[in-house]
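Next come two complexes built around chain A: one with chain B, the other with chain C.
After this line comes the complex of A and B, so read on.
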């Protein structure tokens, strides 16, 4: 027992060391930017993992929440001059509110209708971003967002900013893990497995679904706020349908319904397009094709397969060890 | 003014209807929306445009575009969807989203993102009735769409292959027992649906310019129209398309032009909230 506890502690320490050492080893800002984007996509992947992976509510409109979070932060910062924390609170509150707004019609439908509803929501939000010029500045977007400053310490470079994002990534994953093992998590999974059966066992499906939508929206809001403060610029082009698809794939490629899946997905989804840069214009086509193959070949996402592979190797090793002793 | 807007709405609406018919056919046979429908339309339109630019006469180019789109539909079913058929519903849906992503980005690489002029097959001259101006284009579009939908209705109720398709999509097991090749029928459904999308695209493009990003908005309007009318129902698709088109035109004229595209989605939200089965369907489908 003590052994496993020690092992766990060791794992956490190693992980912490890796997290701290990453920005030190990063040679240039280009790679740092990719790493930061991976972190933001891990949060986004977690957001859809909560909604689709655990609760079974398919969403193709996550980019809308991402955008609402980013625009809220950008507006509060440039117009009202607010600092990082109030901006973050604003993003969280507003995305939570929109989460409820989307959840109410979403309760009535499922499957492809739900996918369409969320997709339409994303499109409406984007149309508003483009056309509500006095507030959102239209297609030109909002420039001049300031870096976060805490007690005189500015997170003004990508490397410093990495640690700020990492706090939210870790908090997000830990919270997801915690919620999974509580009554709420079990209720969400029950809803995914069988809506009617969940209702019959006394789970209040309506409130839990709304909660899942709000939680997922808030994750996106946090990611949006972090994104706006990092890139220092937001425009409607960043929050298109394509981005919603990428967010969905982040969770799918990693493995829906697994805690670590979004991390794996985030890394793959962000590294792959950069690795394909040598293809020039065709890179997004090849990117899509590769993802399609992954979806067809590994229906449950990559993480479960990797887990199985490691377990198999362990079992083999164990067997070999036993044979050696015998 | 109002009459003019209603006429514009009818024109666009009958095109949405043509798209919605394709959506509805696939929904009936597969039980899900084909999110690559709009992109199939875009590809068909641009292939036609490419052929026209190569100097091939309009009608032959259009025919080739439609055939290419139909082949694309066949391939989509054969290569992608047949492979995921037995895994989960979510994967099936996401596979179509993936195809849509690939097609859209391919379109952007080949044809660029800027809007391109698309020749119209109708004469430019206006027809005057009283104080109203009607373009031959509107009349042509409305008539062609009506003719195609009526033709499809006859195909599904009179022709043997059509009847088999109808049977295969409403009761796959029963159809298989009656000796209908269900897989082949599904294959045909995808081809016809994609061909219809290309026809719609060729008629939409002269009105809005041919642009790669038209796939997303028009594709979603097609879904909205299909659901509004009651999915799985040919006449429902027509009704839904027309209502959507008119609501959009009138809304754009009297409320705001900038939010033109938003109206159809707001209507979609309302329909999904109030009557998810659509206007013409009474039975609640278990897929909802």
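After this line comes the complex of A and C, so read on.
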């Protein structure tokens, strides 16, 4: 018992060390930017993981929530002069509200119709961003967002900002993991596995689907706020259908329905296109091909395979140890 | 007192009357059966009791109150749980998690409590786990508690469905063809299990089943329906000698 506790503590310490050392070892701002984007995409990947991975509700419109979160923070900061925390609260509340707005029609459809509905929602939000000029400033976007400042300490460089994002990444993953092992998490999984059986096991499917949408939207809202205050600029072309698919792919590649899958997916989906830059125009072709190979070779995502691989090695080691003793 | 009473329940699908003025009574702590040839409307009756279908006319009274118009999950909370003819477990969840899911309506902590009252959540979670293990132990499924529900043997899956239903603390347990696909040894054990469940959990059981030996052996009261109408009602003995029932199952002799 004490041994496993010590091991856990050691793991946490190692993880903390890695997290702290990453920005120190990062040679330039370009790579730091990629790392920060990985972190933001981990949150976005987690958002769709909650909705699609655990609850089984396919969404192709996550960029809309991401955008609403980012625009809310941008507007509260530039127009109302609010600081980071009230901006974050604003983003969370508004995306939660839009989570309900999308959930209500989404309750009535499933499968490909749900995919179309969410995709449509994404487009509507993007078009509103473009055309509601008095508020969103149209295609020009919103400039001049200020960096967060806490008690005189400004998170004004990418390296400093990294730690701020990391707090939310860790909180988001821990919360997802905790919620998964409560009655809420079981209810969501029950809905994914068998909607009707869930209802007949005493789960109010309607409210739990709404909760899943809201939770998913809130994750996107947090990511949006973090994004807006890092880039200091938001415009409609950051929140396209393309971004929705990258979010979806982040969870698919990492492994839907696994807690750590989005981390893996976030890293791969952000690093791959950058790493392939030397290919020039062929970059996107190769990128697509690699992703196809990944889903064909590893259906269910990479994380479950890695987990199995580690388990097998452990088992082999154990067997070898036993044989050696025998 | 009757725990469940169907009063002249009728269900129409457009022009088709699937269930026509059926009356049925289940007493507390009683094991009852609902039988009838294929397509007689048994499953429709189940679906009306659990709120999956709304009755076209008539009334469903549970524990002295009408449950017509209630949502399925509310009816589960009131104390009616069911199993399915074609097993419907949460297949990729573990055996233990399936039973724990059944405790949903008996527990409270939500998404916000997790943040502000983690201690309370952990206690509730641990309590749920212990109670679920108790049910698994009772059903003899403790050995497979960490297996994926979809991967355990068929007979165990049937038991697990009953376990999940028991977790909702029902006063009435509806079993839809619990013996389907079981061999005779398993059926014998099932009869024992159903009796044991009734005695341990103090609940009434209403089952739909095609295996007559099992039905006759276990039921204290049997209701027979055919073409949506009740044609007989009584003890196993009475049903076996009822001419209408014999005719419904075997046809009329011409001489």
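In this section, the second predicted complex is superposed on the first by the 326 of 326 C-alpha atoms of A that agree within 3 Å, B and C clash if a C-alpha of one lies under 4 Å from a C-alpha of the other, contacts with A are read in each partner's own complex, and residues count from 1 in each chain.
What we mean here is this: contacts are C-beta pairs under 8 Å (C-beta built on N, C-alpha and C of every residue); 3 or more make two chains touch, one makes a residue touch a chain.
This is a predicted model, so every value here is computed, not measured.
Undergrad: Now for A:245: first (chain B), second (chain C), both, or neither, which partner does it touch?
TA: So A:245 only meets chain B here.
Undergrad: Which partner does A:196 contact after superposing on A: first (chain B), second (chain C), both, neither?
TA: Second partner only, chain C.
Undergrad: So in the superposed three-chain picture, is A:233 touching just chain B, just chain C, both, or none of them (first/second/both/neither)?
TA: A:233: touches no partner chain.
Undergrad: On chain A, which partner's contacts cover more residues, chain B's or chain C's?
TA: Counting contacted residues of chain A, the larger count belongs to B.
Undergrad: Under the stated touch criterion, which partner chain does A:298 make contact with: chain B (first), chain C (second), both, or neither?
TA: After superposing on A, A:298 lies clear of both chain B and chain C.
Undergrad: Identify the partner contact of A:58: answer first if only chain B is touched, second if only chain C is, both if each is, neither if none is.
TA: After superposing on A, A:58 lies in contact with chain B but is clear of chain C.
Undergrad: Just checking: does A:186 make contact with chain B only, chain C only, both, or neither of them? Give me first, second, both or neither.
TA: second
Undergrad: Within their complex, state which residues of chain A touch chain B.
TA: So the residues of chain A in touch with chain B come to 52, 58, 60, 104-105, 108-113, 115-117, 119-121, 123-124, 127-128, 130-131, 241-242, 245, 248-249, 252, 256, 281-282, 284-285, 287-289, 291-292, 295-296, 299.
Undergrad: Enumerate the contact residues on chain A facing chain C in the complex.
TA: 175, 178-179, 181-184, 186-187, 189-190, 193-194, 196-205, 211, 215
Undergrad: Spell out the part of chain C that touches chain A in their complex, as residue ranges.
TA: 50, 52, 71-73, 76-77, 81-82, 84, 88-93, 97, 100-105, 107, 109-111, 114-115, 118, 121, 124-125, 128, 164-165, 168
Undergrad: Considering the complex alone, what residue numbers of chain B touch chain A?
TA: 27, 32-33, 35, 80, 83-84, 87-91, 93-95, 97-102, 104-106, 108-109, 216-217, 220, 223-224, 227, 256, 258-259, 261-262, 265-266, 268-269, 272-273, 276, 287-288
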